[in-house]
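Each of the next two complexes has subunit A plus one other chain: subunit B in the first, subunit C in the second.
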Partner chain A sequence: MAAPLTLLLIVAVTIRAVLFRSSLAELIPERVEVVSPLNAWKRVVEGLALLDLGVSPYAGDVFHETPLIIYFFHFVIDYAEIVFMVMGCVFLLQFRKQKYALEAERYPLDCLELIRTPKEMYYIPLKVAMFYLLNPFTILSCVAKSTCGLNNAVIALFILCTVKGSSLMSAIFLALATYQSIYPLTLFAPALLYLLQRLYIPVNWQRSSFWLFTTQYTFMYLGSLCVMVCLSFFLLSSWDFLSSVYGFILSVPDLTPNIGLFWYFFAEMFEHFRLFFICVFQINVFFYTIPLSIKLKEHPIFLIFMQIAIISIFKSYPTVGDIALYMAFLPAWNHLYRFLRNIFLVSVVLLACSALFPVLWHLWIYAGSANSNFYYAITLLFNVAQILLVSDYFYAYLRREHHLTHGLYLKRKDGSEATLVLK
Partner chain B sequence: IRFTLLFNHYCLLILAKAGQFFSSGHTNNWAVLVCTSRFWFNYRHVANTLSVYRSVKRLGIPDSHIVLMLADDMACNHRNPKPATVFSHKNMELNVYGDDVEVDYRGYEVTVENFLRVLTGRLPPSTPRSKRLLSDDHSNILIYLTGTSRWNGFLKFQDSEEISNVELADAFEQMWTKRRYNELLFIIDTCQGASMYERFYSPNLMALASSQVGEDSLSHQPDLAIGVHLMDRYTFYLLEFLEDIHPASTANMNDLFKVCPKSQCVSTPGHRTDLFLRDPGNVLITDFFGSVRKVEITMETINLTAPMVPVSELKTESQSYVDQLPVAEIIHQKPKQRDWHPPDGFILGLWTLILLVFFKTYGAKHLKHIF
Partner chain C sequence: MAAHRCNIFMLVFVLCGLTYVFVRADIEDTNHVKDAESVAVDIAPKANIGASLRSTKTEDQTQAAEEERQWEAETNPADAPSDNKADHVHDTMQNLDSRPAPYAKDQTQEAAEEERQWEATEVKEADRVPDTMQTPDVPPLTPAKDQFQEELVIRPLHSGDIYASFQFRTMWDTDFLRGSKVSHYRLFPKSLGQVISKFSVRELHISFTQGYWRTMQWGQPFLPSPPGAELWVWFQDTVTDVDGAWKELTNVLSGIFCASLNFIDSTNTVQPSASFKPLGLGNVTDQRFLRYAVLPREIVCTENLTPWKKLLPCGSKVAVCLMFDALMKVASSQSFRLSYNTSEICHNSYCKSTVWELRQTLNVVFDLHTSGQGKREWSLFKMFSRTVTEACPLASSSKVYVDGELFELSPTTPLLSQAVVLGDRRTYSVYDLTNQATFGQTRSLNMLLRWRAAESGDMLRPLLHGERYVAGYGLQTGEIHTLMYNNHPYRAFPVLLLDTVPWYLRLYIHTLTVTSKGRDNKPSYIHYQPSKDRLRPHLLEMLVQLPPNSVTEVTMQFERALLKWTEYTPDPNHGFYVGSSVISALVPSVVAMDTNSTRECPLFSSFFPCKEESSYFMRVYTEPLLVNLPTPDFSMPYNVICLTCTVVAVGYGSLYNLLTRTFQVEEPSPGLAKRLANIIRRLRGVPLL
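== the complex of A and B ==
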């Protein structure tokens, strides 16, 4: 296991090093699909340069990173490329712990083929690592030195700590992830559910042990978040960063085109309705937490995957790095392959849209023969394909659960074959 | 005695001439030339304005003292068969567009509001100097307007709004109150032009118009190659008159009033001088159309005997010239010093927290390995 991982690591580092030294390294950080105003590298450099000149980096609209990033990059700014490669490798650590499904023998016999064999499970970490490190999206994001890689690493560490069961570390990493960008707040629910499951505390409103643990976890999480925010205050002795970072994420003032859905709507919107639509769009990200948690309360790891996917699709400034994060988890659900219905459509659409993004950008901005509608159409299609992917996996997962409880070959009461319909 | 009388008479004559030379009381000249109509078939209005611009520049008023407002671009209009030119005479005899036209207000910027703001000086602070009329109380201003007006008492701007004679009179009164002009000559070439100066009431205004109330001002000649009328009659003859004027000429306003009589113009040009303090016969054309500088010849000599400081202090440093420039710092660049360091309290707090968390998770048994 160590050998293939090491090999993979070497290959990934080689690819990134080669790209860093090539001429693409100037081209890629400029692409709007790869960097956003929140995590662009040149903004980090600009912010640190402003700091050297004695001006607060949050003056003006350049810098939207948190103060801890300032501290982190203050020392490593000259070695940035190495840092980003290391971040990618941190992700690997995540899956050293293998996640066995908690499956018992009470399932009907014909479901044996549905249950995953330990042999398969053995290779999942390698596959996940491969999916992440060799994913073109991740490579682009790393070469562009976008701090999205850092965010992904923090979320990966959070998942690692949650799966290991250490609630303090998981709360701390979740607080760090939320501190970086607000959206991982929605990962609170699945983390809580997983930890409860691990400690065998049933999710029952009447039980005091449930409330005890919940309050414990909440306090740890909120406490670490407060500590981080206060610590950031002490870095620059001002509260500017709150409006520059969180105000920026929530109120979406910058409408540079990206692969998300916000920019086109808000470019056209009348000022009168802007607040209303901002609220609608932002609520959209947080809205799916509660229904999904209720449905998937026995399967918190899948819930984490769904939440991360929803964040990546609906956040205000998505980039391909965010997409790479949830795509890395897809090999963990290899066993759902037989239930996926749209896999061909989704993969083709995703590939085609990824190819069309730079083409239509060029046509719009440089050649002048297209306009923003073209780019927006591809954005829309890309997001629809992602949503289709996520919902497909959701369907497959639920269907597998259904089969596990009711048998693989469904029969109606009179013995004829039945089909399963998702309502 | 006859000789002394003759001598006295001669002196008086010189004095009178000298008096005339210095009597106008202005020290600078400004011109505001406005063409208010757009569309290709109003080519002649732009040509009118440009020909007055040309004369005024030729006679000495610099671009910095001319506010030229053209409501449409005829030279670069896609219907112009000879792009980058605006002709005033048929058969393309005279291109009034030239190489150095500076248009200050162009296209849709030529509005009634902007025109009045230019006159009264009430422009936003961000307006550049080229768009301002920075006149003072010793300025002689020439204002030339051309355009269409179908009825009595107003001038159409851009086919969508109009300036009335009352507004114009009030604007001039504001200028007078704010001491923005010494004397002002107002020329208008449009139908029923005389109605525009009927309402003036401020002192030192002289006005000329191409037609009386009830008359139409007509255009002069079409050019078959360009396809539109090139000039209006009044301005055409005005241009011909001005072509004979040079900076030293002594033609006066009475000659200007005689430009374009009814036989040539078909309309009767009008003028108004009752508000003007000086006699029009004493007012030179170049007082308004040119920028004649008063030169005072003196016979005194001035002694420039201040001693010159010898250049004795040479640079004795061994640094060569190149090294003195900041370029040297960039070329021989040392690695950048980081000027900002995070506060110590922050570093302390952060690492204490990290250590605390570490020991909490992995147990305190590691402590004894460290201490």
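== the complex of A and C ==
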């Protein structure tokens, strides 16, 4: 197990190192699919330059990272390349540990076919690491030095700590992720559910132990979030960063094209409906937390996957790095393959769209022979494919659960073979 | 009786004596006030000597005419023998004290004031420059509080074009900011006066320009201005809400000048920290009271000229103003080469009593070749379709200056004038329109310029010159290149570069590079204010040292933003204008550069280079930029809203589906016949199938 992991690590680092030295290293950071106004490395450098000039980095509308990031990079600016690689490695280590979590799922059922063999389980961390480290999306994101890699690493550490049951570290990393970009706030629910499950505390409103732990975890989370925000305030001694980071994420003033749904929608929006639709779109991201938590309260790890996927589809400035994060989870659900309905179609669409992004971008921006609608059409298709992928996995997971409780081969009353339908 | 008579005689005598004393005192008072003028007149003969000593070249050419011609007086210490130098400095000081507002070309005036900001020791020299243009026959001090002067400068350019600069100056000895509300306006335009008093404006500068001034072909203009409209205002420090006052002021001015100044808002207004200093009395340096805005897209046409004309006391009825009607025609037909600007400078002057000065200028470049039919000949009539018949009766001075000596002038004028303008010593032929003799028997003045030689001499290359362009391709990123040329052979000088870039071009300050002669040239001062989306533009000011005989290149990368569809102009694919960069500098003078100048001065005066002419202030505007931005498809907001909402609905729907439903074994639904049979059976009360 260690040997293949080391080999994988070496391969991944080599690919990145080669790309950093190649001519692509100048091209990739300009790609709108890879970097967004929130996490472009160019903007981090700009923020540092402003800081050196004695201007607050939040005085302008170019820098939208959090203050901690800017001071972090202030110290490691020279080693930025290494930092991004290390972040990749942290991710790898995390999934090595996640093995235990998956082993914990045991089903005392007769459906042998559905239960994963220990051998499969054994290779899952390796597959996850491979999926993440060798995913072209991750590689692009890393070569572009997008700070998205950092956010992914923080979320990965959060998952690791949660899975290992360390509630304090989990809360701290969750707060850090929330501090970086508001959306991981929705991961609070699955983390809490998982920790409750680990401590064998049932989710029961009447039980005081449930409330005790919930309050405890909430305090840890809010406390560390508060500490980070206050620390940022003391570093810059102004609250400008709140509007410049979180206001920027929520109100979507920058309409630079990306792979998400927001940019063209709000570029074409009628001014008096703008606020309404911003509210609708942002609520849309957070809204799914409650029903999903109710539906999947027994399966918090899958809930985490669902939440991350929904965030990366519906967030205001998505990049391919965000997609890579939830795609890294896919090997962990390889036991769901038999229930997926349109995985082939979806993967073909995703591949085609990834190839078409640069082509249509070139036609619009450089060649001038296409217009914005072409690029927009591709983003729409890409998002539909992602939605189908996620809902397909959700469907498969629910269906597997159903089969686990009702047996794999269902029979009708008259004894003929039955088909399952959603009703 | 005799005693009585004696008493009466005594009384009369005493009275006479008293009257004499009072009158005498009065006269002395007036003399004191008019000191500057009288000294200037006194100096005329000396200046004459100095000038004739100096201008050996002109002597050769115009030897015959030399005796008849009477050199117009100068108070230029360089011209006068140097033993008068001390006097001159003294004179200058007196001038500064007594003359309410130095009579200056705008440019030299700017030079003077800027210099005051930059280098305190050169104040005297800088302020002296205006006096070189001063004429000895200053009008008698009228009891009226306002004064009006008009002049026209005609300068043939080396490209063969004619540059005509009209200038009108109204002065008003009043103070409408403190206490007394002024109700009576005589020469000063009421519309402007009211605006100034209402908004507590300290200084107001507006210019409208059509076309671009080609510095390398035409040399320096007297008053440089950027293409489009430029407005900068210093408010009094009593103003509390400067932004509010600025907003109102731009809207009011927009009405007065028939221009789109109302489009000036926070997204194109900046507060430069060093580039624009007050030209008048106010020695304020607090940039909070300064607002500067440029509308590079503003198209200037006759509708801007009409309100401009209305501000003149004589309107377009009399004198030099006569030409305006003709100008309008010209302006529309040759707008490409045409460059005129209107500038209102209102400032307190230097001394104890202050006056308000309004200076209106109009600069036009006429294309000689299209109308001159190849002949190098030019006349007022040909250009303006009319001649000058009389001066504005309200004007205290009314003159026409013709620059240069490479052509014959008819009718000839006995008056000559010398001035150092923009660091270059020029000789002007002067026509005084207040003098009836100027008009001759025909009662009209039609100047005719005929070039002597086919080739005009070498043009003085501008020492400072700026260019700007956008590099890069595609609609994603780009790079702004600003080139600054220092053509001085051996002197380096610092320049202040001011760049205002709209927010939709997101500048990256870390990509700023300044190189000259292939080497990195670090700016000694950088003031950068980043933009805020839809709120304020980028402002970059830096002080760069230009090495001698070099090109300094300033580059900066930017990113083009995608705007909301309502934020684009009606013709979005035309592009977006970015206002000119402003390069302000103290340029070493060409006169000082001329090593032969020692020949004309007494030898003992030139152990050190002539300090008073060593440098002059100059402002150079680069071209505005036209930048394309990526555009959305303006025709399909509904489609986009529908399609995007559909995708969100697909996401919501599929999740909702999975969340609310459960898996169930499908029971085949009974066929239609069976269902009908069941309905009938139910009616009959028979058990169902």
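By definition in this document, the second predicted complex is superposed on the first by the 409 of 423 C-alpha atoms of A that agree within 3 Å, B and C clash if a C-alpha of one lies under 4 Å from a C-alpha of the other, contacts with A are read in each partner's own complex, and residues count from 1 in each chain.
Here, a contact is a pair of C-beta atoms (placed from the backbone, for glycine too) under 8 Å apart; a residue touches a chain by one contact, two chains touch by 3 or more.
Note that this is a predicted model, so its numbers are computed, not measured.
Undergrad: Following the overlay on subunit A, give me a clash-or-fit verdict for subunit B and subunit C.
TA: On the shared subunit A, the partners clash.
Undergrad: Going by the contact rule set out at the top, does A:45 touch subunit B (first), subunit C (second), both, or neither?
TA: In the superposition, A:45 touches subunit C alone.
Undergrad: More subunit A residues touched by subunit B or by subunit C?
TA: So, of the two partners, C touches more residues of subunit A.
Undergrad: So in the superposed three-chain picture, is A:131 touching just subunit B, just subunit C, both, or none of them (first/second/both/neither)?
TA: neither
Undergrad: Quick one: is A:265 in contact with subunit B, with subunit C, with both, or with neither? Answer first, second, both or neither.
TA: In the superposition, A:265 contacts subunit C only.
Undergrad: Looking at the overlay, does A:234 come into contact with subunit B only (first), subunit C only (second), both, or neither?
TA: first
Undergrad: Mind working out whether A:295 is in touch with subunit B, subunit C, both or neither, as first, second, both or neither?
TA: In the superposition, A:295 contacts subunit C only.
Undergrad: For A:123, select first, second, both or neither according to whether it touches subunit B, subunit C, the two together, or no partner.
TA: A:123: touches no partner chain.
Undergrad: Could you pull out which residues of subunit A sit against subunit B in one structure and against subunit C in the other?
TA: In subunit A, residues 48, 53 are touched by subunit B and also by subunit C.
Undergrad: Show me the residue ranges of subunit A that touch subunit C in the complex, using the header's touch definition.
TA: Within the complex, subunit A touches subunit C at residues 30, 32, 42, 45-46, 48-50, 53, 55, 59-62, 253-257, 261, 263-271, 281, 284, 288, 291-292, 295, 310, 313-314, 364-366, 371-373, 376, 380, 383-384, 387-388, 391, 394-395, 398-399, 402, 410, 412-413, 418-423.
Undergrad: Which residues, counting only subunit C, touch subunit A once they are in their complex?
TA: Going through subunit C, the ones touching subunit A are 473-477, 503, 506, 508-510, 526, 528-534, 538, 559, 561-566, 630-633, 636-637, 640-641, 643-644, 647-648, 650-652, 654-655, 657-659, 661-667.
Undergrad: In the complex of these two chains, what residues of subunit A are touching subunit B?
TA: Per the stated touch rule, the residues are 48, 51-54, 70-71, 74, 166, 168-169, 172, 227, 231, 234-235, 237.
Undergrad: List the residues on subunit B that touch subunit A in their complex, please.
TA: 336, 338-343, 345-346, 349-350, 353, 357, 360-361
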